[in-house]
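You will see two complexes here that share chain A, one where it goes with chain B and one where it goes with chain C.
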Partner chain A sequence: MKKSFAYALLSLTLITSGCLGQNRLDELTLVLTFGVDQGKNGEMEIYTAVPVFHKEARKKTELLHTRASTFREGRDRLDNQANGVVETGKVQNILISKRLMMRKGLFDLLDVIYRDPKSALMTDLIVTDDPIEQVMDVDIQDKPRFPVYLRELVRSSHISEASVSTNVRRAYDQFYEKGITPYVTEMKLSENKLKISGTALLDKRGYYVASLDTEESIQLLILQKDTHHPIFMTVQLKGKDVGKKDEESQSISYSIDYTHSSYKTYVEGNQFHFDLHFRYSIVLTELLVQLHPMQDKEKLEKAIASEMKKKMEAVIAKFQKHHLDPIGLGKYARAYAYPQWKQVEDDWGRAFSQAKVRVIPEVRMISIGSLRK
Partner chain B sequence: MRYTFSRYGKNLAKTTDMISTDLGENLRKLHERFADAPDLITTQFLMGETNRPALLVYLDGMVEKPVLHQHILRPLLFQTFAYTDLSNLELSLTGRKTARAWAHAEGAILSGRSVLFVDGEEHCLLLDTQGGPQRSVDEPATETVIKGARLSFVESLGQNVSLIRRYIPHHELKIKELRVGLRSRTKVALLYLGDVANLELVKELEERISRITIDGIVNVGELQELIETHWLTPFPQFMSTERPDSAASQILQGRIVIIVDQSPWVMVAPITLTSFFQSVDDYSMRWMISSFIRLLRFAGFLVSLFLPALYIAALTFHYEIIPLNLILSIGESRERVPIPPFMEAIIMEITLEMLREAGIRLPSKIGQTVGIVGGIVIGQAAVSAGIVSNIMVIVVAVTAIASFIMPNTELAAAVRILRFPMMIVAYMFGIVGIVVGMMVLIIHLLALESLGTPYGSPFAPFLASSWKDNLVRLPIWSFRNRPRSIRVQQEVRQEKHDKSGDEK
Partner chain C sequence: MTFNKVQGGISLFQYVMFISQVQIGVGMMTLPTDLAEVAGTDGWISILLGWIAAIVISLVIVRIMSRQPAETIYDLFFRYLGRGLGACAVLLFILYCLFVFTIAILVKIHITQTWVLPQTPNFFLMLLFMIPILMLVHFGVNILVRYVEFVGLGTIVIIPLFFIAMKGGHLIHLLPVLKEGWLPVFQGVKTTVLSFLGFELAFILYPLLRQKNKAAKGIIIANTITMCMQMLVVITCYIQFNPYQILTYIWPTLDLFETVEFPFVERIEVIFTAFYLFLISTSGIPYLYTAIAGIERLFGDSIREKAMLVLGLGYIVSAFIYNPTFYQVNQMQKWGGNIGMFVAYLFPIAFWLYAGVVDRIRRWDKT
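And then the complex of A and B:
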């Protein structure tokens, strides 16, 4: 009798315990893309892309728009428009306008995401110069749903070295790691098509500072050792001793099949020195100059090396000018010169701008392709 | 009061009356005892030249008629012989006994013997003329294999024993015969290797069987429920098989095989959970393939237990764990479905169970039709009608296939039953519920035992050396010892194997 009463009580608590807080997938408004733009009176314009599953619906993705002072407030306001509970556990990408990034730090924006344990951490961060409303409304009838398309765009451009890729989790790391400054993917709208245009560099507080185009982004990725080989490159050889093949072309294309890099760090007189050694193994893919790839091998290798050195140094100079270190050389400084690092760790960007960075590339041609000359 | 069989026997001897010397009196007694038994045949005749009246009694249909005519009636009627004594009667029949008590005579008649009364004798002669309907040894119906033997047990205990004895013609193959059922007096035989099997287990089993006081059992499943110790579990504590080769292999490993007369299935004890993942075919195929298939069965076990529950949990609580592209296609196919995932899954699983049950009971011709109709029900039609989603159809199909992969139907049935509570906890608590359900299941499996042997062995208690024949199936030469969980007398099964070949 006592036992059966206990069983009855137990089953009652099971049902009434409030654990039945289900979240049925088909009743959710699954936000897949967030877009934030600057609005009037210090408010933000928040746009979201939500997949529509109804067969009758003409558009596969629904755009919702609201105005709020913070991200979270915006989400709550979206509930009034959406035909289901708004859930952000599956957000794929967050689009932030450059104008907003100049006024609000990235990490203050993302605070709500880090605080909520249910939010997705693999969300890609994208900065764009164009108005978010236009970007979100881009014509993609021949493409997958907008969030999926955007995700594929960012991932594939990262693999083909057109841009960095920063998701929410990595942004967290970039923020709290003192030896690096944050960077995110940059995108632009051209002729009503989306295009990855390079990398946006942020300062330590998460404000927008400068941009790299896709060419410069390759250099950044090589410096970060975040590349997917082979890397395809084309350079113009403009030396006097290099004959043109015809009137116009003077370029040479190659793929870097393997990169061996080693960074030497030391301090001399209160200045940080970084010697960046690179050993590239390259394969010639196109040769449009008057050089014989076998006989003039060394000459060719040297010419390519100096071209690459020039490009990389230009990018580094740009970083130093803006007091930025997206490469993460600060981590090397901390590892190899800890006492000196300790003094400058809170403003590494400034210290890095005064550092001496030498790029020492070495090119080795391992194949010239199927032609004999 | 508990009524054991030994006492039963004693009581019989005491209370019964003896056979009379008068034939007419005997006949009267017989008709009294076998009232309302029209199949009792009583033939009165005069024996040969001696002209002594005799009475032959048997049950029609229980005896072998040609034997009766050729070896009993014909010699008694037509041969000339000098009658001295009933026990010296010259008959070309091997099995015969004399009896004085009515109870013995009655038992003999009921078991298919024929009984000969002769006037003036205070004995009767019990003659072995058992016969009756019998089935020939056929191919196994449910436990089909590719490379194994094509024999299966039949309904006669004697024949089943001989089927096993052919595999183990050794004097240590012991057969202990018991009887169960006060009315049915069903013969039960325990087969084991006298110098290998754990005799304590044999004794325990014997005791459990002799404690049964039921009026009768008709098949092996009833005996199983009467001698098991845990009744509140879906898991079988004895393994049944219809294959003599697998029974013989279990005996060789040190286990005990229980044969019940009139049942074409035999039981094996003690067993562990992993025994149900083994099939005879595993040992006739290459070891790598067998190992792969065995791992596949474990995977199938988990899939058929947890997949519908995971589907429900993912769709009602944890949409985050579904990859984006899948969530989009699930969303598209779920959009038309008006019922929640839990109801969807329950409806589909119950439909599947009904189809399976219908398929078993129906004759094969109609069974095919059921299969086709079922394919339509659990198929595209249900999806296009908007009752279930595409993904659910896949989940149900995969679950069904995964449960068919298990070689033992009893374990498959246990999994089928356990699937439903898993689905319920998944609906209420999501993955937390599944994990709790899994923990309860594991605790239950650890607490379970089969004839005093831990059910979870060799995982818990941990016996790493047994993993090579439980989790996977390594080459036969590596199984030097018998399974340790049974605690056999002879651990070593084979000597170290010499693998040198041609290059020697």
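And then the complex of A and C:
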């Protein structure tokens, strides 16, 4: 009696465990890329790239286009023209035009993604200056599907220090962290090819403010301690004591194999001071100046250090001019000068612009390669 | 009392597992946010203080139970309060257990619906959860303890996930320690003691324990396991999320895993949610079991099966009629916290003092 009752219950669980609302892959319109552009009357132009699974189809990716005032509305309108159920849980990247970012804050745009637990948060964010329609229509016949290609482009450029990498989840972190201002990968279209062009800097509300090129992006990544070693760099040495090999070349290339950085934060007379100490271990890879790598070791190290200091300080000056802090020095201010931080936390960008930031690099050559001079 | 008997009693390990698994449950999902709301990133200090409080009260419970090693709290109620009052107390305890169980199952349904199966109706999930729960409870503490043991060992599997999620976090979020001084930390203790709730089930478990002399040691170990688990969850959340961001999440522990990405599986948090259902079940089912043990003590052996059937059907039918919203579930959790505070923290001390006095008077009467 008891046993049969148990069996009855067990079989009931088997019946009830069939999931309601299941999807079949071939009936889905799997949205992998969203593109958003500025439209007329405050509306947005929304483009999506959808992979096509039919064997007969010649193009691997289908482009859909709709107009809507919000992201969510656009997704619902896509339902009307897609030939399957629109599924956005696997979105790989979101392309946003710079023009739109000047009118609309990034975070209002993304709210739907944060609120819906079904959406993927590892989606990459990309800003571009070019019309989205052209970008999404780029010719990539010799490359993987557009969304996959875009993702690889962004991730590999992040690893090779050409740009930051901001996914939706990190953007959320940057939005709520009062001690940092958001930044997004920037991309550009040149000769019908896509290229990562640097970093777009946003203000605290998510509006576009300024851009960094790829070289400045490296400095930003080093300042953020978000680098993958080795970092390859080439600098032009200009100084009285650095002799030229000939008229043109005064370059020197090296790879940074290891960086030890420590940031010191203190407050003096209501002004934040940041001393950013860096200890680089570098390997020479190319030497086109009239210096002997062994005899003039110290001179060389000093020259490189001062060059790096100049570059970093230029980038920091740019941030301070625009009242931005993409490095996240506000976190250090909070950790080490809490009472003063408390007074400025709601307008950290402004407070940071008045802060005194010193970069103190120290270069140690650990190898000069296989040549004696 | 056949329901609450087990061949040869339960081992110390099972006792530890049982209590710590009851404690690790709903609280683990929401604790980082709840704590950050009151104590900021200093919440981890509150956990240490809450842990000490939980141990103290647990030891009080062990002291109460050691007066009559073979009796559960229900027997003690009758012994110390007399027939009428004792029955009332038993009834209250049953209601408390049922209430906690209700909260646990509602939260479970709510999380499943939000994260995994948004289109599946409430009653369906209730049916799905209720059947195995009733089966577990039906076969008594013997099977229940083994189930809890199984889930407890399974929990170890998810611990590495937390360490993986810790990667890429910023330890600097924890600085400065004691941001706003000690006051918020002490206020945070109230939040943490709620997530230690569960040790009060020692009231029913103690008579089954094989080695009674190790009861105190066991309950300290159980509380420590819970504390370590909470510490891991809270610290991971605090270094992964910045102090402002953490306040925006309802279930930070689930959001935590959205960053974790393996080459073979992308949305690990969905899998974690499914796994989490086991964890949360072990904090609900023992309460239902305790309630039914109380009903049996009150009305006799014959009514047990009927009570279980009525309760089970009651939950399923009510799921057809009444679907609590998110706000209602939240509100219920708050009430549960307040009542639990009373039942698990204040009541043992009061009862301990009372029982001490009664025992002394009775002894004095005899001589």
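Operating definition for what follows: the second predicted complex is superposed on the first by the 354 of 373 C-alpha atoms of A that agree within 3 Å, B and C clash if a C-alpha of one lies under 4 Å from a C-alpha of the other, contacts with A are read in each partner's own complex, and residues count from 1 in each chain.
Just so it is clear, a contact is a pair of C-beta atoms (placed from the backbone, for glycine too) under 8 Å apart; a residue touches a chain by one contact, two chains touch by 3 or more.
Since the structure is predicted, the reported quantities are computational estimates derived from the model, not experimental observations.
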Touched partner set for A:A120, first chain B, second chain C, both or neither: both
Which superposed partner A:Y332 touches (first chain B, second chain C, both, neither): second
Chain B versus chain C as contact partner of A:K143, first or second or both or neither: neither
Touched partner set for A:R151, first chain B, second chain C, both or neither: first
Partner chain in contact with A:L12 - chain B first, chain C second, else both or neither: second
Touched partner set for A:Y176, first chain B, second chain C, both or neither: second
Partner chain(s) touched by A:K318 [first = chain B, second = chain C, both, neither]: neither
Chain B/chain C common contact set on chain A: 19-20, 89-90, 118, 120
Chain A residues within the chain B interface of the complex: 14, 19-20, 22-26, 28, 30, 32, 51, 53-55, 87, 89-90, 92, 118, 120, 145, 147-148, 151
Chain A-touching residues of chain B, taken from the complex the two chains share: 315-317, 319-320, 324-325, 327-328, 330-332, 334-337, 340-341, 427-429
Chain A to chain C touching residues, read off their complex: 6, 9, 12-13, 16-17, 19-21, 89-90, 117-118, 120-122, 169, 172-173, 175-179, 331-332, 334-336, 338
Chain A-touching residues of chain C, taken from the complex the two chains share: 114-115, 117-121, 124, 127-128, 131-132, 134-135, 170, 172-173, 175-176, 179, 241-242, 244-245, 248, 254, 258-259, 261, 266-267
